[in-house]
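Here the chain labels run A, B, C and D in written order, and each chain numbers its own residues starting at 1.
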Amino acid sequence: MLARARTAIYVALGALVLLVGVPLLVSGWIVFLLTVAGAKALAVLGVVLLLRGKLLTFGHALYYAVGAYAAGMAVKYLAVREALVLLTLSLLAGVAMSAFLGLLVARYRAVYFALLNLAFSMVLYGILLKFYSVTGGTDGLGIAEPTLAGVRLSGSLLRLAMYELTVVLTTLLVYFTYRFFASPTGYTLRAIRDNEVRVEYMGVSVWRAVYVSYVIAGGLAAVAGGLIALSVGHITPDLAFWSQSGEFVFVAVLGGTGSMLAPAVGSVLFEFVRNYAFELSPYTWQMTLGIVLLLIIFFLPGGVWSLTTLAWRRAGR
Amino acid sequence: MSRQSSMRCALVASVGLLALHSVSAAPVAGAPSELKVAVVAFLSGPASGPFGIPSRNAADVWIEKINREGGIGGVKVVPVFTDEAGPADKVVTEFRRLALDEKVSAVIGYISSANCLAVPPVADELKVLTIESDCGTDRVFEEAKHPYVFRTHAHTVIDGVGAARYVLSLHPEVKTIAGINQDYAWGRDSWEVFQRSMRKLKPDVQVVDAMWPKLFAGEYSAEISKLLVEKPTVVFTSFWGGDLVTFAGQAKARGLFDESVVVVNNTGSDIKDIAPGVLIGSRGPHGIVSPEMEKNPLRKEFITLYRQKYGLAKNDYIAHGAYHFVQALQGLRAAYEKAIKTAGRWPTTEQVAAALEGLEFDTPSGHIVMAIGGGHQAIEPAGYAILKFDPALGVNVFSDIRMFPARCVNPPDGMKSLEWIDRGFPGAQC
Amino acid sequence: MSALLETVGLTRFFGSVRAAEDLNMRVEQGEVVGIIGSNGSGKTTFLNLATGYLKPERGRILLAGHDTTALPPRAITRLGVARSFQIPQLYLGMTVLETLLLSLAARAGRIGIWEPLKRADWSDEGVQILRQFGLDPHAERRVSELPEGSRKLLDIALAVALRPRLLLMDEPTAGVSTEDKFEVMDTLVGVLGGSGITTIFVEHDMDVVQRYSQRVLVFDQGLVIAEGRPAAVLADPEVRRAVLGHV
Amino acid sequence: MRLLLVVALDGLTYASWLFLVSAGLTFTYGVLRVLNLAHGNLYALGAYLGATLVLRYAATGSVPALAYGLLFLAAVVIGLVFGPLIERGFLRRVYSRDEEVQLLLTFSISLILEDVVKLVWGVNPIFADMPYSYLGRVRLGGVNYAWYPFLLTAIALAIGVLLWLVVTRTRLGKVLASVITDREVSLTLGINVPRVYTWAFTAGAVLAALGGALTAPMFSLAPGVGAEVLVTSFAVIAIGGLGSIGGAALGALIVGLARSAAVYFFPELDLFAIYLIMALVLLFRPQGFFGEIEVRRI
């Protein structure tokens, strides 16, 4: 109860600082970087959600791309410009796709689950290249500046609006996920992690819990994709590529699966490190990631987030 | 004249030029202490070897040269090197960092067509002068206007049209053509331009096959078998890098060159490993040039500088990415100098952009004209040749070189490329 | 009236090993039946068959008259059959109370994604059930921190919390020390006594079966070799040999 | 008819390549029950080292025939260096932890090795086609074929048979079987399970590297070959059933033929034919053709 109230407060405070404080203090490109990080955090949140049920996916970028392209296509072919509409479309597309593929993957675990998702994401990647005339192939799609709640914005104002929108959406969806974990299905997912047989002997459907979680995770990633499409303004099939999925997994582990806020923290951390480290030495970039991952696996299984809890303990909580 | 002697001339000439230029001009009014220019190219990943690294090296030596000659308008040029690799969101974030954080005066770069399409809107939003350095897609200025974006090299249409004209000049009696191209935008675009041009230039030609192996597939035995079965007169491919080397190697070993004429439109630094016998183009007059172009002093100087710092194969070949980058730098320099003249003081970005519109300037690749795309898009001649192995030099060299003039392989301003081809190349001057 | 549980010609082999052959039995509403037999006599297999975890090669299982042979454990559980396990099957990562609450949510069929699991009414009932089993002091502890005996009880508590019509227990006293085993059974009887839940429990311990079952079935290599009132059946030397392996 | 022959030949040679690159992955999984995501990078290392040795050797201009030996040498070296290193140094510490942690571990190792290749060999494509062109070509069904792919087919067969014999006919095979079925029991039987694991993983690594080394003469090598190979070989062994050598062979054959058929008859499908097949197979047979489902005892 207490912990819950506390988390709620932190979420609220955090959102406030982010919405008002940050844009006043930092430079334009950092605001943009935070927008990207915040959006991706949702996809990572999906990965974390599944990890709670011991389900590791190397293909979550699939839904990220679906969300992005749903928005992109709507702009290009349906001439929709309203960000809120576009994001709804992203969500629907992602949920539809995960609801469909979920029928197949929800019965798999471990390696199969991880790589079936990978395979499907590569299929989508292939499709995006293949239907070149529609998707623009690897050249991708340019996305015209959206309107927000009917208001036409451009330039730095639009960037700011996109940032605020991202913060709000991310906060809401983090809260939703938080509720999900506290719900019977959320606990079932944790139960599945330990003992599927007993879950069935409680009269609870393991398949359903996994399926529902998978669909939610897909929806989260799709919204992330939609946000990225709108804020970056150009989408390419790379969004669906395995390395993108790998990045989500990495950030999930970096942040830690302990808290719903961890993905956001991990995501911001990652984007910053990438934008500097990448320039320092592109050849050792992946190596850096790999080494960090190793260190986390062996010395910080709870991810960066567990440091904060440690700090609280120190502070005598 | 023989290569050796031409090389010697190049050396002498460039030494002369160095001596001549090392006097530094005084900066004009309102000039900044330095001119920060972002240099963006693939420093990692498969495209870094054939295109990215050569671009970076070229930028390096040519900026050194410019500074030795007193910089631009007396201001020293300071490059900010960054890697193009990564998904679009990373590239765009990076662009914003360069513009808002590094506060660069201009961004030069981008090899991937995807990035060349992703960046312009951001460039316009942030009002940063941006010169695209090596990408091929013709969509950039045919689909939208971008006041702050320029491209000082020709788009890929010259490669397809040039290939078609070259093939027909060597084999007027072509009956059938087949395409094997990587399954992504570059492959699709290249094939589209080539086969449409062939159809126009020789209406009775038949397209017998179009294969789309996936990018970096590496394994082409099935595709090659199929081509050996179909025996088309001409096989067109837009492969590059490792895929090109692999395909050419496997094709050579299985005698595809005996059955069909194989033409490639995009050779980079990979040229040293490509099996001889292939017809090659390299995206403009760069590695492959006509004898009179070899006399171009800027070209000699560039080759010398490049050799001094990074070494060079005996055939003087440098990948197009490098030449294209120098074109961009020359364009930037010419634009600034013109803008300074007109403004009488240090110009604003808008003034520089205005100056670059429709500008003409000299480069190692010859005289560049910003002729199309409303003055934002350069046109270049298309050079093609047959790859031959030279036992004396121990490297691949070029024979049967043909240069197709810029106005012969580029659409006139304001006309979309494919439309121009389908309407039978109106206004082409060959 | 039809029996609550009835098996007809139930047969299952593992390769050449006979786990059950032509098993015919009836359990009436409200009975407390003990099944006894040596290891490998087919006791646990019977529970696995009755709950649908294993499928018989031949034969049928009838629950209150209708056929459940083809159903999976989940469906059978929902029809009011709950079971406990010889080795407790628990969620080591969750707390005792959370585990029990999940069982209550399952009984209520309320496995949603928005309403929290920790609802006041469920929590109260959960704590109360834990109290019956003497587990309430452990309510907030992680299952992984529980001693073996308490795990055993929790395993059964989860089944009881489902308010089944038929409760199947697999060796409730297994892993419990001889001193404690009667205590454990007394707790169970205490809980179940009033409820009138029909109970089948599998045991290898004669005293336990003798003391707590109204009727006993003796399994040997997949066959029911004897059946009847505990006192009479367990006196039979044949039975003693089958169960204990000696006279 | 003649076309079918050509399709079959291409399919067969491609299948043997697939088998070569996926045998190591499935073998490792079969014994350790760990899917080695660094498999593709071991492949890449083998390929690069093989190519380098061949190029160096070719430069000396001595008898080409020996170059083939160098390819095997490269594979063994890579396997013996990285196999024990990865298994003893890292994997061993996470056997007790969740399967997803093991996956993450091999994932991070693959990230590291990816850059190791770049640092050692740079980003320019490397192509050592000497062993490929040296064997010359043969005319079959009116089409020229290089001999080399058929050499691969022969080697693939040999390796397949060898693995099969080892697993089914030798004492070592029995040891492996018992380790796979029950780790604890094997320990009590006095089997040195840790060592078995190390060697099994090393064997897998050698196979991975061998796949790469033997491929080097056919493909030019560029950064990022590893990832492609991992995904492809996973598809292959998933179709056949994870951990089954026979399955890998079957999967390779199916995928190989399907792909060459796609090239001829549906060129547009080439790109993802392999994944579609995998999805279909798993849809109807979740554990793949030769995979078995384990039921937990309760």
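Throughout what follows, a residue touches a chain if its C-beta (ideal position, glycine included) is under 8 Å from a C-beta of that chain, and two chains touch if they have at least 3 such contacts.
Quick caveat, the model's predicted, so the values are computed rather than measured.
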- line: argmin over chains of |mean CA - global mean CA| returns A
From chain D, the most remote chain by mean C-alpha position: C
- line: Cα centroid separation, chain B vs chain D, in Å, comes to 39
Message: Could you work out how far the Cα centre of chain C sits from that of chain D, in whole Å?
response: 49
- prompt: Whole-Å distance, chain B centre to chain C centre, using C-alpha means?
  reply: 77
- request: Report the inter-chain centroid distance for chain A and chain D in whole angstrom, where each centroid is the mean of the CA atoms.
  value: 33
Task: Would you mind listing the residues of chain A that make contact with two or more other chains?
output: 126, 129-130, 197, 283, 285
- request: Could you check chain D for residues that touch two or more other chains and list them?
  value: 118, 268, 271, 298
Residue list for chain C, restricted to those that touch at least two other chains: 53, 85, 89
- prompt: Taking the complex as given, what residues does chain D use to touch chain B?
  reply: 3, 6-7, 9-11, 13-14, 17, 118, 122-125, 127, 129, 132-133, 137, 142-146, 149, 215, 218-225, 228, 259-260, 263-264, 267-268, 270-271
Touching residues on chain A, where the partner in the complex is chain B: 27-29, 32-33, 36, 126, 129-130, 132, 136-140, 142, 154-155, 228, 232-236, 238-239, 241, 244, 271, 274-275, 278-279, 282-283, 285
Query: What residues of chain C sit close enough to touch chain A in their complex?
result: 51, 53, 72-74, 77-78, 82-83, 85, 89-94, 98-99, 101-103, 105-107, 110-118, 158-159, 162
Query: Which of the residues in chain B come into contact with chain D in the complex?
result: 44-46, 48-50, 52-53, 183, 209-214, 216, 218-219, 221-223, 225-226, 228-229, 241-243, 245-246, 249-250, 252-255, 269-270, 273
Task: In the complex, go through chain B and note every residue touching chain A.
output: 43-44, 82-83, 85-90, 92-94, 96-97, 99-101, 112-114, 117-118, 121-122, 125, 137, 139, 143-144, 183-186, 188, 212, 214-215
